Amino acid sequence: MIIVMRPQASKDEINAVVDRLAEIGCEAHVSAGQTRTVIGAVGDHLVIQTLPWEAMAGVERAVPVLKSFRFVSRDFQAEDTVIDVDGTSIGGGSFTVVAGPCAVESSDQLMRTAEAVKKAGARILRGDAFKPRTSPYAFQGLGEEGLQLLAEAREEFELPFVAEVLDSRDVALVSSYADILRIGTRNMSNYTLLAEVGRQPKPVMLKRGFTATLEEWLNAAEYVYKEGNHQIFLVERGIRTFETAARNTLDITAVPLIKSMSHLPIMVDPSHSGGRRELVAPLARAAIAVGADGIMVDVHPAPDTAKVDGAQALLPTEFAELMDTIRSMASVLGYHL
Amino acid sequence: MIIVMRPQASKDEINAVVDRLAEIGCEAHVSAGQTRTVIGAVGDHLVIQTLPWEAMAGVERAVPVLKSFRFVSRDFQAEDTVIDVDGTSIGGGSFTVVAGPCAVESSDQLMRTAEAVKKAGARILRGDAFKPRTSPYAFQGLGEEGLQLLAEAREEFELPFVAEVLDSRDVALVSSYADILRIGTRNMSNYTLLAEVGRQPKPVMLKRGFTATLEEWLNAAEYVYKEGNHQIFLVERGIRTFETAARNTLDITAVPLIKSMSHLPIMVDPSHSGGRRELVAPLARAAIAVGADGIMVDVHPAPDTAKVDGAQALLPTEFAELMDTIRSMASVLGYHL
Amino acid sequence: MIIVMRPQASKDEINAVVDRLAEIGCEAHVSAGQTRTVIGAVGDHLVIQTLPWEAMAGVERAVPVLKSFRFVSRDFQAEDTVIDVDGTSIGGGSFTVVAGPCAVESSDQLMRTAEAVKKAGARILRGDAFKPRTSPYAFQGLGEEGLQLLAEAREEFELPFVAEVLDSRDVALVSSYADILRIGTRNMSNYTLLAEVGRQPKPVMLKRGFTATLEEWLNAAEYVYKEGNHQIFLVERGIRTFETAARNTLDITAVPLIKSMSHLPIMVDPSHSGGRRELVAPLARAAIAVGADGIMVDVHPAPDTAKVDGAQALLPTEFAELMDTIRSMASVLGYHL
Amino acid sequence: MIIVMRPQASKDEINAVVDRLAEIGCEAHVSAGQTRTVIGAVGDHLVIQTLPWEAMAGVERAVPVLKSFRFVSRDFQAEDTVIDVDGTSIGGGSFTVVAGPCAVESSDQLMRTAEAVKKAGARILRGDAFKPRTSPYAFQGLGEEGLQLLAEAREEFELPFVAEVLDSRDVALVSSYADILRIGTRNMSNYTLLAEVGRQPKPVMLKRGFTATLEEWLNAAEYVYKEGNHQIFLVERGIRTFETAARNTLDITAVPLIKSMSHLPIMVDPSHSGGRRELVAPLARAAIAVGADGIMVDVHPAPDTAKVDGAQALLPTEFAELMDTIRSMASVLGYHL
């Protein structure tokens, strides 16, 4: 932490900061510049960051030099985390494709989709039973019945599945069915929910809050990790910006940045990023090119009847074409699928 | 809803949209322009908005004309909602000041603050027992003990209090102690929590998600309202933008905009907006000037030892000075305090 | 400047940074922390900031501690700048109202507006002869004829006027007519234009780029100041954010922040911020309450025929009512008008 | 244009809108909904958009259905524009690599870089003689001497070059030397400069304003096109968002979106987007994968001595490696280099 004093800070105010650092067992490096004194605080940065430096007299600003997470950082673990889901790897040189309907609507819809995505080469099925919707008047999901249908699809097509959990009270239920629990974009800062999924044994897919910084995102992962569950992977799904031509702005740069900051795998969701069917293939190609560990794609047998996000769902035939492209790019880029 | 067809849309594609509208009991007004056909959908807009128009063949874009909420809109109720909390009014021409520490840390800290804010003229006490923190290593609140201390302060100083609830499982507990339940900025889109506070009887203070649009915010209020609890008021607390000179960008324009869109009262939180003590008074003055129904202010007897957000807390003496200014402005602007 | 080395930075890489600082006459304070070495650079920060620290081997990040402008900072000049325009003060405890049509359209439109705003209490007239428009098909202004009409209005109603200059080639022309030259939001980073207005004698009104940070804005002012023209004042006019319910998001917090960072006066433009007539009065009230040195307001005798921005223009009667409110607030807040 | 009336709009107010449309030769389609009347305006949308609908009594909102540009749209020209620069194609299935130093600093620096990028496969040289800098204390470029050096490099290595023009007064000068004129991100809304480059014969590279919407960007291109110069191509270079982990947020989605909206070629600048050397290769791969027509890359023989943007410049060896990757991806993706 760098503590910048105001130009008019007194000797006593500077000493008070130095003393406070000494109290918590940290060193202070004081540099008197032309207009301001700057104090470098050296010690356990997680301890230093908890004190209200900017509330002390004479302090102008406190600038953190290190990040506020520990276990999920590259500093803590240099090697990539690799997650095994029933024989399918996430991270470590694989490019893993997750596909399926946004929401489970019916047995027929789910089975047709699962069959198609399996055949085209997807390794994990997606499909939600609980949906967070901006409007209370929109379809909210089938609940446990949806989870049962997903479990049937898993049996039928040998595809592990990921499903979203919205409420701390449902964690045990979703965990009893699903192979991977998803924390959706709207819950990335729901810290009690994060802690709860950190205490159950299934891997956790943590989507980025659509307005979260990378540091906040990794702090959310730290909440899960700290409770004992280290099988966490991230999914970039677009952020909110001034540009509204697409549903969100896919932050493709987040992929190499996260890889430098953290050892956790990171996928991209080209469907929720763009929000339009014709954007899915270009964004999926960008994802594999930039170095992501996989993609998650919405597929629906009849998007114009979909209860959720139909405009962004690929038809099974379109998905199969995309998989062909992904395969040829994977070979050039050195991935195994 | 306005449905804009692609330039090359066929007669059949246009008819398919018209037929779909007829199926749900709505009328279609078809206008053939120079390059595109545009279809105006007339009927219950909440029904129209649930269908995936943009997934239909030949559709370029679907532009909603009306908002996706109903009960919290001015269209539904023309008169302002006024909430009574133990004799204190929120809305309807009052300017209501909520004040207290960000987090309850100890009996002494809380009692000293409560006494000071009561004396200076605050009508409602704030103080949290459960804190959502970006870092898992930061102070997370005293839990139920904090609520007990708040209840004692209420007795001692005759101040109703508002406290945050973070988890659906804690709603009954917080509701049994607090006079007002707060939904914090990070939970504005936690729809299961919103529904839960909608089913208990205490008024709800709904803070704006720091990246929520006004329409999303009012949809969140709709989730509460729809469950039967109509005693909702809003608090603008700054949004996330590219500008990082202050903690957040106070969206002062949100106040008159919300007043035109909704009948719910709206307050401003100048402490969390600016994040710095010296910004609180100017932003509080702007809040009363722009037409807000009140403010919520962090006060702490010793900010430089605060466990949460010390940099933005006013000292009791500073708060008393602010209240003097607010009183003189209220008389000019026609408010009663 | 704080230079943060990578965890694996070598002794040689650290020494190279220290040597580079010595070469430019600066001191290096080296702190070896748990994971990283951090180097504090002490010396002339404007010199330090010009070197490419992040391109040096072993450097992770370079964090500036001080701002990149000098003359317009409070550090350089503690007292407020006060500008005199023909007997009217800007800054120093005055609240100065600038009003008039967005664009000059005709003699009749301008004279009717000038008469009305003078009578209501405005001290400076606005009106543009050159308009920057997003679309090339929109009205681009009357050019020199517009300046002549403004000069006639000045004579008639004893109102100095401000007019925008868009192109370096027009600086001499606009300067020969206008009392104040305006740099519009789209030209805040047009550095050759800034330098040009810095070389002529009339005061400069510098609007904030709608996506400029406060530091970039003050750097733009520094471009003008450095050329010799120190009569500069700033106008906040709303920034671009994710929220589109109003035309822009008025950054009201910018006012106290700029006052702490700089000695230049700062006004608010409530018309371009909100973009709607009904938002002008609430935002103008917020501006005077927050501590601005004035406002600039669009007024038009017939907004529904206006060639530019009619939706945000006040009618003369609405402007007169606003001035009454401003006068009563000014007396409570200690301003002189 | 869709004109939404207020709920309480009178018959007369509705008629006034209809009459106004008739006056400008347009048709009105009136739909009376449950709460509001909506008027669809059919006719020349460029004419309709110039009138101040939202200033008319009873109007709540005017929602444009069509874009405000014409000639640069896909509606106007279905086939891709292909630009020929001295035998090198931009657009139409080529992937064109532009490379060189950010700023021309000396003959030696430029010649070494030009030789290296030519050898590695770049087809166009970049290098600026005029630099727009946030701080007035930063290096501003060599001016005409820089252009002369670029012309020498062109002779020596048979590489056409692109150079930025900052000021209307320099257009003729830059046009007399350069093969392509660049409008930089800070000048995208400098409409007088856009018109000026539209009147000279060299192709124009139009970078996106870092806070411009796609529609504003295409309007800027329309300013150039309308003056007679149709040889325009676009460069996406990252936008400003809340995320500050990289210099800008590369808006990769802009590439397929622009391709659907316009016939102009679009490149990506991975250097200015990320601002860090290690991000250039991943972002360049994403650019070719998503469907861009080329990239522009900063290369410098000694980045740690660069006068501008050293942190993002590739070494010649790094650039050669990137070109190898680009070549293998181009063959899979069906591009010719």
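Think of it as A, B, C and D in the order they're written, each chain with its own count starting at 1.
The rule is short, and it goes like this: a residue touches a chain if its C-beta (ideal position, glycine included) is under 8 Å from a C-beta of that chain, and two chains touch if they have at least 3 such contacts.
All values derive from a computational prediction rather than experimental measurement.
Comparing the CA-atom centres of all chains against that of chain B, the greatest distance is found for D.
For the pairs B-D and C-D, the larger set of C-beta contacts lies at C-D. Taking each chain's centre as the mean of its C-alpha atoms, chain B lies 31 Å from chain C. For the pair chain B and chain D, the distance between mean C-alpha positions equals 39 Å.
Rounded to whole angstrom units, the spacing between the C-alpha centres of chain C and chain D is 26. Looking at chain B, residues 211, 240-242, 244 sit in touch with two or more other chains. Contact residues on chain B toward chain D in their complex (touch as defined above): 2, 4, 7, 27, 29, 31-36, 38, 40, 42-45, 63, 65-66, 75, 211, 240-242, 244. Residue ranges on chain B touching chain A, taken from their complex, read 46, 49-50, 52-57, 68-70, 132-139, 166-169, 186-187, 189-193, 210-211, 216, 219, 222-223, 226, 240, 276-277, 303-307, 309-311, 313.
Only residues 211, 213-215, 239, 241-246, 249-257, 260, 273-274, 278-279, 282-283, 285-291, 328-329, 332-333 of chain A touch chain D when the two sit together in their complex.
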